[in-house]
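Read through the structures below before going on.
What follows is a pair of complexes built around chain A, which joins chain B in one and chain C in the other.
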Partner chain A sequence: MQSNAALEYDYSVAKLFTFTTILFGILGMVIGTLIAAQLAFPELNYLIGEYGTFSRLRPLHTNIVIFGFTLSGIWATFYYVGQRVLKVSMAESKFLMAIGKIHFYLYFVGALLAVITLLLGFSASKEYAEFEWPIDVVIVLVWVLWGISIFGIIGIRREKALYVSMWYFVATFLGVAMLYLFNNMEVPTYFVSGGIGNIMHSVSMYSGTNDAMVQWWYGHNAVAFVFTVPIIAMIYYFLPKESGQAVYSYKLSLLSFWGLMFVYLWAGGHHLVWSTVPDWVQTMGTVFSVVLILPSWGSAINMLLTMKGEWNQLTDNPLIKLMVLSSTFYMLSTIEGPIQAIKSVNAIAHFTDWIPGHVHDGVLGWVALMIMAALFHMAPRMYKREIYSRKLIETQFWLQTTGIVLYFTSLWIAGITQGMMWRAVDEYGNLMYSFIDTVDVLHPYYVIRTVAGVLYLAGVFIFAYNMIKTMTSSRTLTEEPMFRSPMA
Partner chain B sequence: MFHWLEKNPFFFAVGVFIVIAFAGLITVVPDFAQSARPVAGLKPYTVLELAGKEVYKKDHCIACHSQLVRPFKSETDRYGQVSLSGEYAYDRPFLWGSKRTGPDLHRIGNYRTTDWHENHMWNPKSVVPTSIMPAYRHHFTNIADIDTAYAEAVTVKALFATPYDAPNGTKLGSHEEAKAAALEEAKVIAGNMKNKDVKDAVANGQVPEIVALIAYMNRLK
Partner chain C sequence: MDIRELQAYAYFFMTILLVVALYGYILHLYRSEKKGEKDYEKYGKIALDDEVDSTPIESNPKSKSEK
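Our next item is the complex of A and B:
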């Protein structure tokens, strides 16, 4: 390994993506909290006419959190971590610098177009793949630019061996490219019909059951390759860096990586249990979901054991606390998912609030906490200032932890209650409840979930405030901290 | 081998791609042709129904409603016959949804009427007093996009051999014929409605979104 003493890394692209991570984080979660409130208080559906109903806003929430907040976080960390683990600065290549900037600006324009078109109701109506074809084209271009960035910087690297984080970033690039392309195969009707109707409209190349298979192969694995794989890339870099500890086991890293790659793509079928897709596909989905516990827990345990002998850091460094809690939530949601994939459990859980409950302990607990911890770690190094306030991080931590716990417990209860009521029969075998009974009963849980959302959102605002203060008015640092991030 | 891969990013990427790619091939491809087959007697959507399906997509009804009756007695008692793969053969995209904040709609046409939908979409609480569904009053004033629906029908007929204009099937015809047919269909539905603006619009040759949506709902059986 060469010395990097003289190397000055260039964080201009990472800073741009840091900005959009904060922006889309706030936007996505404000909408999320609003639509959670709408379920408890339906009058809130009428705030902005036809554009403000739950149904119109829900795709905005999911897409902004996935493709806005999370992707920005992934790229902010990539443009930071990539240089450092490959021991090469972006400033050394004018070409890569230009690509990085175009990557950002095209992404930002695409994201704004996506928000506007979804709000106007242009939707392919496939979950997390709602964008109509022109937006898809922009996304593909953005993705290609990222690919050039990744392989470009790998091409001029000084450190020959790729660090674990780079394995996961490369896998994210390949996985999403494949999934996105195949799931969004659609034909613009305007061109085939010779110029009739709306130019934005398209029709899926797959129909019915096949469309469902492709969609959930995508839907599940988009989660894998946006919400899991790149987040593992982050924790493999930031936890050892912040704690000053070496990763516990190289072999466990290898096993978890290749295991995850192999197993994850089979598990999409668990979204289609008891549907009309072939039985064997459903069974494969269930079986591989259970097997998936191994590589998932492999990574999480590897991270927790990295802290071996240094658990005291948990009490005196709030960033370690965020990252350890994050990997703990990763373990929770990766044991919960396989449980829901089991056929008999799925019969109750599917279509209920337990499913969004599961998604949110993953995304709020694992993804968002890790991204925020990563940005906090990066801030003193990028802006050469110490973190503005340790107290605010502590406050944020407790608000958000309380929020997540309230969120998933209320939706667990709501989901199982509703699932059981749908199937409840009286002594003569007749259904006991009409559908609306099973909606009425959920009101208190929807209220709790809204409160949970407000708590979490408050934490996000505190995070944003803390970051902006760090960038602008915190005490400046004369030299880069080695491990633990300095904070006031 | 793994050490070597880590130093050779190209082969590393190829390796990752192979490992992630074949699961999709193995689960999707073998039954593809069989899963694309329609049940006997299934007719393609009419242009008006397609326009209604577009409204369903535009307002993202799948956020709260499924279209999949699972094979349990509790579901068949509540919603009707178990859903069959072939019933979805002309659904591009599929609209099964993943969440039932409201009830399943795959057989809604069997037990709800035009009149019920009209009241419900105007004010859900008028028919279900504790409903948490929002009203969709903009469907009564927005005009459905019949042209785009026609373009879609032409596209699926040309590219996916969806059997429009087959004997005893759904007639498509030329653009003008299709528009006229959609309007005729819309008149029948508007005849069963009481909203004056809707009736006036249809009399003037326009189809409000609510009429197209009800055509689609009534078709779901």
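Our next item is the complex of A and C:
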């Protein structure tokens, strides 16, 4: 390291990941909107042969949004926030800079391979863990590189205390490493079937109920450590920085951190309520899901209280509006999840459209809004230009808010209708409805859901356009803004 | 004592233990602040004053840079 008066933060790696966040955001959500339309209008399944069917595209949608859009957003913000809260520039270490760049390029190659193999139909058939083993190997390498980046930059920091966002980034790293390794223990069928299997097709090392339990321990915690923990890392930095208000209670942020870490890992059993896993696993899943409200709301309320006395910023600054709405959706989905985990509610909710409804008010409302707000905040600092258009952010905000509300309300109604119809019996105990009766009833809600997807997607295109214009042709800034991001 | 009874005891004591740990941690946070050992709230400023040449809230003695 050297002492240099003109030392600046180096955002090269953050910029690269910003690019993939936008790219995978568009790709993942275009596919999402298409498959929503396919559920309403099944003939759309046959546009491009086997490559356009719902079954082929659904894993692409989920994996691109989780491992493409969200992970890129996490890394873009990590390579930005990490330097700033530790007060050390990546330009000070050639080694960390090289690791950061290898991290990006290896990730990009891996992500492209993942998209191609899923499109070709290579799938391990475990939800959110569909990648076949060669992709898993690449992901493990990418993860190790990120670990070197995290602990490398912590090692050369000037700020001794780790800001709470760093705690959450470190937890993301450790959590996903553990979950991903254990759930993806798999063997190519070629080796277990005397040579008649396929080298590219693998089966899980666990079987039956054990496999289900490991899968949902992973599946639920993928939500925890990709869709929750790192997004909290973001909001704990970006909301205070954009508003100029220190976090309301740092102590509450620490308490919520340990609460979340302890409780989240036990809640996965709620995905298997009323299935063939031990009763205590189901009860434990339910109990821990309900307890989970406390640390989740601890963080969310801490964010809302950070705005205490500064609520005028909500009308003045569209980025604050995006972040406050995002943390409000966090509150909504973290009260909805525990309700669905209660056994009696789960009996109606399980396997119905209420579940994707829940996932989407979390991901569209909380995750994606927060990532987009974070990138907007970073843009003027990274590209030294003001944000291209405030009006476009406002338009995006309203389109997407309307989209999310239509999305989850239609699926709430659809899900509960579906659940009730499946259970309805006549006076003799015979089922009153066949499956196709439910499909008929649900059609209008699927159409509304598609419209909601189109609205949200339109917002994503506006976001991408606004970002690209900010990078290329917006007015240049002479000095870095302290708090509020400048916009035209 | 059958397995059910054992589970019930384990459940009860586990709950007590977790409640004690939770409130113990809150107590620890407030007490160490009151005694003047720690000022947790100052760390909130790390996000606000985060220029590369800002004075750290707590300097890292291992950092080799002279500022």
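Operating definition for what follows: the second predicted complex is superposed on the first by the 474 of 488 C-alpha atoms of A that agree within 3 Å, B and C clash if a C-alpha of one lies under 4 Å from a C-alpha of the other, contacts with A are read in each partner's own complex, and residues count from 1 in each chain.
To be clear about the criterion, a residue touches a chain if its C-beta (ideal position, glycine included) is under 8 Å from a C-beta of that chain, and two chains touch if they have at least 3 such contacts.
For clarity, every value in this text was computed on a predicted model and none was experimentally measured.
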item	value
Side-by-side fit of chain B and chain C on chain A, or clash	fit
Chain B versus chain C as contact partner of A:249, first or second or both or neither	second
Contacts of A:217 with chain B and chain C, given as first, second, both or neither	first
Which superposed partner A:7 touches (first chain B, second chain C, both, neither)	second
First, second, both or neither for A:486, with chain B first and chain C second	neither
First, second, both or neither for A:258, with chain B first and chain C second	both
First, second, both or neither for A:444, with chain B first and chain C second	neither
Which superposed partner A:241 touches (first chain B, second chain C, both, neither)	second
Touched partner set for A:160, first chain B, second chain C, both or neither	both
Nearest-approach distance, in Å, of chain C Cα atoms to those of chain B in the combined model	7
Those residues of chain A which chain B touches in one complex and chain C touches in the other	160-161, 254, 258
For the chain A and chain B complex, residues of the former touching the latter	38-39, 42, 45-46, 49-50, 53-56, 58-59, 121-127, 130, 151, 154, 160-162, 167, 170-171, 174-175, 178, 182, 187, 189-190, 192-193, 196-198, 201, 203-215, 217, 254, 258, 261-262, 264-266, 268-269, 271, 274-278, 281, 284, 347, 350-353, 355-356, 422-425, 430-431, 435-436, 439-440
Contact footprint of chain A on chain B as seen in their complex	2-3, 6-7, 9, 12-13, 16-17, 19-21, 23-24, 27-28, 31-32, 35-36, 54, 56-64, 66, 68, 70-72, 74-75, 77-78, 83-103, 128, 130-136, 138, 142, 145, 147-152, 154-156, 158-160, 175
Partner chain C, residues of chain A touching it in the complex	1-3, 7-9, 83-85, 87-89, 92, 156-161, 163-165, 236-237, 240-241, 244, 246-247, 249-251, 254-255, 258-259, 280, 483
Chain A-facing residues of chain C, complex	7, 22, 25-26, 29-30, 33, 40-48, 50-54, 56-61, 63-67
